[in-house]
């Protein structure tokens, strides 16, 4: 069976993960990578990637390939996806496609016209914990969902310089939770109420963002979800979910460094959750890329498509508006 | 040492609990009880209570006593407390004092003028789980609190007839959580946003109430709390809390029927949470009454006083207003 | 319905527990107690027990009663049971009946001839955790039992003076586990291999006893059980069980002070197990006495009878012999 | 830095795991593999291994390499290690080296004379759970160890044909636990008492083996360990450890498919342990090989050496003797 030819655009932290996972897959051949940083290109050399270039423009012409994996900075995503689409190349793109609804809609139109496949990197959908809860809900194990609770806390805030261009907490961090809220119960959100505060670091407030938030989502059928976020959990990366419904409740816990329990006269102690997303979601990233490659090969629908990106962005923009205007905001107010 | 003389007004489910706990305490003597129902009076006869009467008016004069425990219907609380206060009798009163702010303020004024002691029955403050989290927060174990999460779900909805006169979900059920939110971090609430739905039983909606809710509280310092409620959890009584702060997180789980784990080829299974408040809070009710008796004997301040009742009622009224007006409501809007 | 009249012989730690539980039971009347210690008699006076005497001989004649609860020192048990039996009085006796097989057999003969009821105080059978595992096994939830594991560790060694007259670890402490091994799978033990060591306190070794042990039991059908004991667990009272069978495994854990989890950057911590038997088995003692009283009133067979005491003693004596002779010992070697 | 050249002998289930792990390591080059089965050689062709041969003799001469990984059947281990040693090739060998003490001693002599490195495949030492408990014990977290408990149960019995040539339960399965008992507390075993039964499948008994066992080990300082084994746990692979000492206890649990908890009116349920060793120990196999390669490159002592294999074999042979002679057996009786 012929191999699927890949290029990777951007070899930062997440680009390296995708590259390594692609390199270990049968039926995949990575023919080219692109990164403006010399150290990243050197990394690719050690992996013996045939073509290594500096710019996306060069990448698109350096060799023929079937799909590109876009891991470059957020503000390049929309352009890069469009360029790939116009070249008839399938795209796996890290989230978000763009921070502007209008631009996302444009890009999705180009993608549709070009008839290429597009998958967005909502990696948590491929985590075994979230997926299990999703499956239980889908199988009806909790009955009709009534309440969804998502806890999502990072182990530490990124540099303020990053925060300034991140789109803010809701588009940078909570957007994963917005996607999860839709994924886990398979329903659409109708209204958002966001409350936020600067409790971790005043510098984040000075940069115009918040670091702690509680967001209440209401789905079209009255089901409610509540998301709580913090940029800094002293004990590490905290990623939990709970779905409560008419027949019961399904929960998933964090993954821990190990399961040990130490009993002494001071109490019982155990290890912390896996520190951050690289550790917690290592297997999810592998499953995600395997899903993408599988869908490409089999011509299946993508597990996470452009509309999923659009919907999460809508919710994020509604949350921003809600925070600013101190009132619940309908998704319909955001437009499409 | 002389015994503290008690009367109990109302021998319904909760009145019986308090009576039994009083009967088992050293230094306490229950001299009189009152209940309009014959079967309840018979119950008291079996306990050999010296004086058993039909009305509160009779109770106050049938024999001298130091304190009355008021467990009669909510709409009698305010009057009964006032009558006791005017007679110079200390009062333990089940929550709430009244559903009207104005009436509560009046009663507290009478209580103050009479210089009697008043304790309100927020029993969860005496539960070992909530108390442990409270103590950890107080000792600084989680640093500065940022987020409080309270889950409070009943195993089944009460009859619609009860719901109609209950004051609604927020004053009947969530009021315990409002008190807990204040207790566990020792801060006052400034703003409330309540979202509710009728997902359990349409008859509850027809009665003008909701059965499922998410309430976001903001404290004066920006700390946030989120409470989720349901009238019907298929798996029983669900009472959990989590306080997240600058240095960590403290959680308390439900109490379970037993700790067993059964491993078979179908998975791992265990027992359900203790079914409802009588089981879960049996020990808390004992501690609560012991606290009240101890404070009476030692002249200490009450662990839960009239102001605590007032504040929770304010939050509840703000939640009702928020639900109705679909916007966050400041406590200051409720008045005092 | 007429009340069952009780006397209690011995008001030490365990006698007080039984007395308190009896006092709180409907249909029970405690008419007399006996203890040679003045302070214990004073305790009884405060409880307003009608007759309070110094000796067992006096107790038997001070007033008529249906049953005596024997909580006096072990070396009085056999005589006291015989005396009660001859007087036609039913007996609840703390374990063990005696440390000599011959004496136990004699006493059981007297009990049988007198046609009185006898129940032995193996309180753990009434603990909700052990009972749940017992019930699961009985219902076939684990299939045919293959392996039983019992962990039984005390929070601290008793004084050496106590140990010297205790009959040693196997008859004083492990005898509860021997009974549990029989109870939980409903099978008889055929062979015992005991290994012991002095690892906690050399003074225990000097007193001729051990403080740490692993005992392997083989049931008549080849099923095996393993018990591990220590006189001193730094973290408190450790009482766990596991039954593994052809279709699965059932476990029960300790009971903990509370369920809290504290997450900080140092790890996760929680509370210790309930400290010792008074805390852990408080409810079991209540259920045990309720079972005894219920059986008396209904004429049912006792939940724990004289044969249960005999069998556990046999296993204990076999364990002592095994330890001494460094070889597996058949129960049949102990005689009957 | 130059790469370490490897050959792999035997591409069965475990050989494939080691091959895959080697292929993903930097600084490692797999130059040759050997397997008598065509399908295994085909597997190697797909991995583009330069030299693929049918026999060990061919392997040793087909190309130069630094180390061989021996994953062929047990009865070839001793010869293959000797042959490699004589050729000056370092060896990673799956356990056991041989089922005969005499043969193992001979091989270790050859290894020593040849001055090559030898590491044995006791993979569980590299599992994060067992390692954590080992480290806690080493750091003194539980004080002086008193009791070690190891539970080791397979999800299902292998074919009787395999059992017949496996050396029996103690040398095939429990030998991992014997090694763990030594590893986790860093002490040597002095005496063994083994009790076994055929409870899973009579055919195993007919083949002269047992399928269920409890083994008590006594270390030279009186510390005791107890191992329980079953060939068939209905709920999957059960691998737990507990070390109890003067200051506390350290435990490690199984690893589970996921952490979900489902609460319904029937109880609480969760997922099973990872099914078998391939799943549970996938990461341990990677760490094990990384440890071996690291030690080779750095000239460090091997994490598991020939003596470790010898000691575990001794304990296993003592267990067999104990089971047969129905008595505790000193390690010294086995000879060296």
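We just call them A, B, C and D in the order they show up, numbering each chain from 1.
Keep this in mind: a residue touches a chain if its C-beta (ideal position, glycine included) is under 8 Å from a C-beta of that chain, and two chains touch if they have at least 3 such contacts.
Going by UniProt, the chains are A, B, C, D = Myo-inositol 2-dehydrogenase.
Values in this document were obtained by computation on a predicted structure and should not be read as measured data.
A count of C-beta contacts for the chain pairs B-C and A-C puts B-C on top. When chain centres are defined as mean Cα coordinates, C lies farthest from chain A. Annotation: 42 Å between the Cα-based centres of chain A and chain B. As a whole-number value, the distance joining the C-alpha centres of chain B and chain C reads 40 Å.
Centre-to-centre, using mean CA coordinates, chain A is 58 Å away from chain C.
In chain C, 233-235, 247-249, 263-265, 271 are the positions where the chain touches two or more neighbouring chains simultaneously.
If you check the complex, the residues on chain D that touch chain B are 233-236, 263-272. Per the touch definition, chain C reaches chain B in the complex via residues 24, 128-129, 132-133, 136, 141-142, 247-255, 257-265, 271. Considering their complex, residues 143-144, 146-147, 149, 151, 153, 193, 195, 197-200, 212-214, 216, 218, 222-224, 226, 228, 230, 232-235, 238, 244, 246-249, 326-328 of chain B touch chain A.
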